[in-house]
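Note that the chains take the letters A, B, C, D and E in the order they are written out, and that residue 1 is the start of every chain.
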């Protein structure tokens, strides 16, 4: 599938950072919020704890996986469903061998693999069990990235607090000049601010995105497996549509129920 | 089912907002609690983190699902039970085909579908397995809305704290005029206030409602499945009633136990 | 079973409230701790969030269930065990029909139902499966009350904090009279105090009690099921006693091990 | 097993209390940290919440179980393993009847019971299933004590905070004499201090010990069951040793791997 | 396997400590952050609570296991996979007996054991079940070390707070000299600082590393078991490679998909 930039992630980060910069500039200069030692404590501390928490090869590996959260690499379940219904109709007309011409147009790799196996005439049971095994291991494979972001989302506020404690202790040990208490407190609080922003605008929401994308991929693959079973057993497109719909949102499903009360057909 | 407005949700939100507005006005003017930049930080930050956390199509989808929390779209389990007992009696008198006339009066869609399948004379095993599969996927389908509200309930207080940190840092860096410390602290605390109210009066209780409605729907559907099995196997209404009762609250069940000690009949 | 007041719950609430009132009065007047607007915010906010979180019919239903936490409606597992051993001996002497005379004296409804089924001569497999099904649904039926109390235990401190934020913001926005800072802070903190007391002395411990009573009921019913199986299969009272003992506390069990080392007999 | 005092628990409590007393006395007198009303609020409040949370008979029962956390009543898994290997060899030489002489020397009751069953010539399947059932119910039987300590570890800091709130509110409502603010704050903070020490030095670590002892007992019993199966089926002591080793720590296991590379024999 | 020092853990701890020392020295002297009584409270309190929480033999045992977190004792899953494919090819050429020459070169002990069993000509089912049993008990065996570090990561901040409470109470009870308030506050906050650094730079990340290493070991062993099954059943190296790849990261897997669209071969 051609991976285009995921609008939501990029828009969210730009909007969030923009909002905070805007709010800061309404109340004073932005420079007041930039402090190199504070940045070092929060970023460095988070990086250090992450290195201790994960083996080196995983840290390196995740850096390669992270950009996925910015790419719209998932396929909407409803799009996949339409494609399955379409291919099911084609298979009825031309036989499963006729699906070969359509394989190239599929932009979901799991679906492409599955249809390839059908075209190759593999045994339905073998196709299903192979696809199911692949679908089951997805959660495990995507876990490292999510875990690393989640733990970074824990270390960032912790080192933010540690930095603030350092600043507070130094300020309190030397309170000769009372006029310096305010500015020193301000600097001390900066690390807490950095930690909170990093965790709540970057690490934790991106961990959430990776988790959600994994769940969507598993759901999409379940629909694909169900659909491929239907295509191989020669199910009628309308029957297959009814079966696949139970995986989608109730509300959307409800939209398509005909008002003539024949709800039972839907099943 | 005709969806009427859910009294509890609407009453809760109106009462909660009213209480807070009343409490605020007893201690001063309401205007003191409205601050556009603070609102932007909390609402905007929560929206930004939500966009990063969820794919765009899900955010859009949930906005369509949310109004359900305000609609009384569930059926009370005890109401469903009475309808099942009634239909069971009718089936005894007129045969399952006689249930067709009653289908239109059922206002629970799952029940309507189930009775439709019975009237169509489908095989009992097929009916049960189809209904059970549908009931099992409900939790998954309703998950997105609940997850989105729950994560918004996490981001709102976090950005409330971030906004307060921004205000505190700015205040402390410029403490020339001590008479301004109080009002500046007040404004700084507003974002924490917004975050706490949003999370605890809107996001988290509504996520709880969606979760509860899903559980009630699953319980109701379990009762319906058990009831339809009873109707298809021609169980006596009183026997079916005894079986269905074990799904309901102990206290209510206890109310109906006759004082003559024949508790064993109930089972 | 005759439901007498549960001493522990009542004693705990009276002692807890008494302690707090006493501690307050040692440091000043009680009146200082009573503030109508603060009470409204905490109680009203908690009620509002609860209404949003749960459907109306469940809120109403739970109010009827709550008094159970104050009633000693459970039977101690060791009491049930003694009754089972006794009935097992009677069944040996007079046959299971002879148990009918003893049914009325049993004050645990589940046990009474079970013995009733035995006396009615129902098939042992049917008795076991019916009782097991009933025991399995108990946790689900008692869940609503516990969940409602637990969520109230979350909302109460949250609205306590919201009330304190309102008070702090108002105090800080109008700091003309420094002598009023203390008393205003005191009133602001009252909502946090109310929220903490409500959650930790009422909502959360009572949710804990409901949870514990459910677990004890399930354990007691498991012992009853095991015992009824033994009675129906004509087990010797001493053998049955050995089997039932494995459900009880190790320490109590240990008390009864004879010092002659024949521990193996116990099994 | 002769129950001797568990050195770790006693040493931990004495060291922890000693450290705190020492630290306090380095900075002033100990008397400043003793305040009867504060003690009443924290201890009394924790006791009250515990009474509400648990039925009376369980509270009484746990008080009898608690001393176990101070007693070294567990057997180290490695000790049990050595005894099993030894008895396995004896059974090879003298037959299982010859184990009777060794029964008295076993100081683990579960092991003694198990060997007793072997000596009595009971059916291997019956022995295994009886022991497995007993091992499965252990977690449930030990749960009450752990749950009670864990919930006390929740109530203690909560009532510590409630006591501090009472003190703060009283102090702020009457700030006539500024020189009294410090000492009053000190007293207000005492309840938070008591709650934190009670939870983190007594309740939570002891709950952790009970949990750990239960897990060790279950692991030990699993080793015993595996060993008894081996003894009854006449396994060679070296083969049995290999099988039992997989339950123990990798590091210890690694220590015993011979350097000649015959790691496969170990399995 | 030759155990070399794990670069990530050592680098993380050195970088983290270095950063904090650097940040402290930029704002003043390091000596201000060293206070013997504060160190005693946090370290001593954490040690005391750990002793109460775990039996003595486990505390001693974990001290021997801990150095593992500093050693690169794991094998990267991708390295293992290459070795399996290689051995699979060798087995095809020379038969499984021919693998004996390669056993010595394998530096993963579980893999070595597994290949040893294959060379010994043991029954495939027996090999698989033995290896699976060993893999299943790994999590249990490694649990003690992780639990001990996790609980130390809980006690450290708790005793940090207790130490700060002691300092605050002493300071407030004797506020004769206002110029001493700052320095005394600074010392009081030191214990909170120690607790936060110990938990977030040492205990919790190292617990995370132990957990991660256990998961990697289990994953690696699963790949090894799958690979040994393939070798014993004489699978073609390319087929085996396809099967093993599903255990690895999607991104890496994607890298190796040939652009000619024959994705189906991969399965």
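As a convention for this text, a contact is a pair of C-beta atoms (placed from the backbone, for glycine too) under 8 Å apart; a residue touches a chain by one contact, two chains touch by 3 or more.
Computed from a prediction, not measured in an experiment: that's the story for all the values here.
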{"item": "Chains touching both chain B and chain C", "value": "none"}
{"item": "Contacts common to chain C and chain D (chain labels)", "value": "none"}
{"item": "Chain copies touching (chain A, chain B) - same or different residues, decided at half shared", "value": "different"}
{"item": "Angle of the C-alpha superposing rotation, chain A to chain D, to the nearest 5 degrees", "value": "145"}
{"item": "Chain centre separation in whole Å, for chain C relative to chain A (CA means)", "value": "41"}
{"item": "Separation of chain D from chain E, taking each centre as the mean of its C-alpha atoms, in whole Å", "value": "25"}
{"item": "Chain D: positions in contact with at least two other chains", "value": "none"}
{"item": "Residue ranges of chain E touching chain A (in the complex, touch as defined)", "value": "6-9, 11-13, 15-16, 19-20, 22-24, 26-28, 32-33, 72, 74, 76, 179, 182-183, 185-186, 189-190, 192-193, 196-197, 199-202, 204-206, 208-209, 212-213, 216, 219, 246-252, 254, 257, 261-264, 266-267"}
{"item": "Residue ranges of chain D touching chain C (in the complex, touch as defined)", "value": "37, 40-41, 44-45, 47-59, 61, 64-65, 68, 103-104, 109, 112-113, 116-117, 119-120, 130, 133-134, 137-138, 140-142, 144, 147, 151, 154-155, 158-159, 161-163, 165-175"}
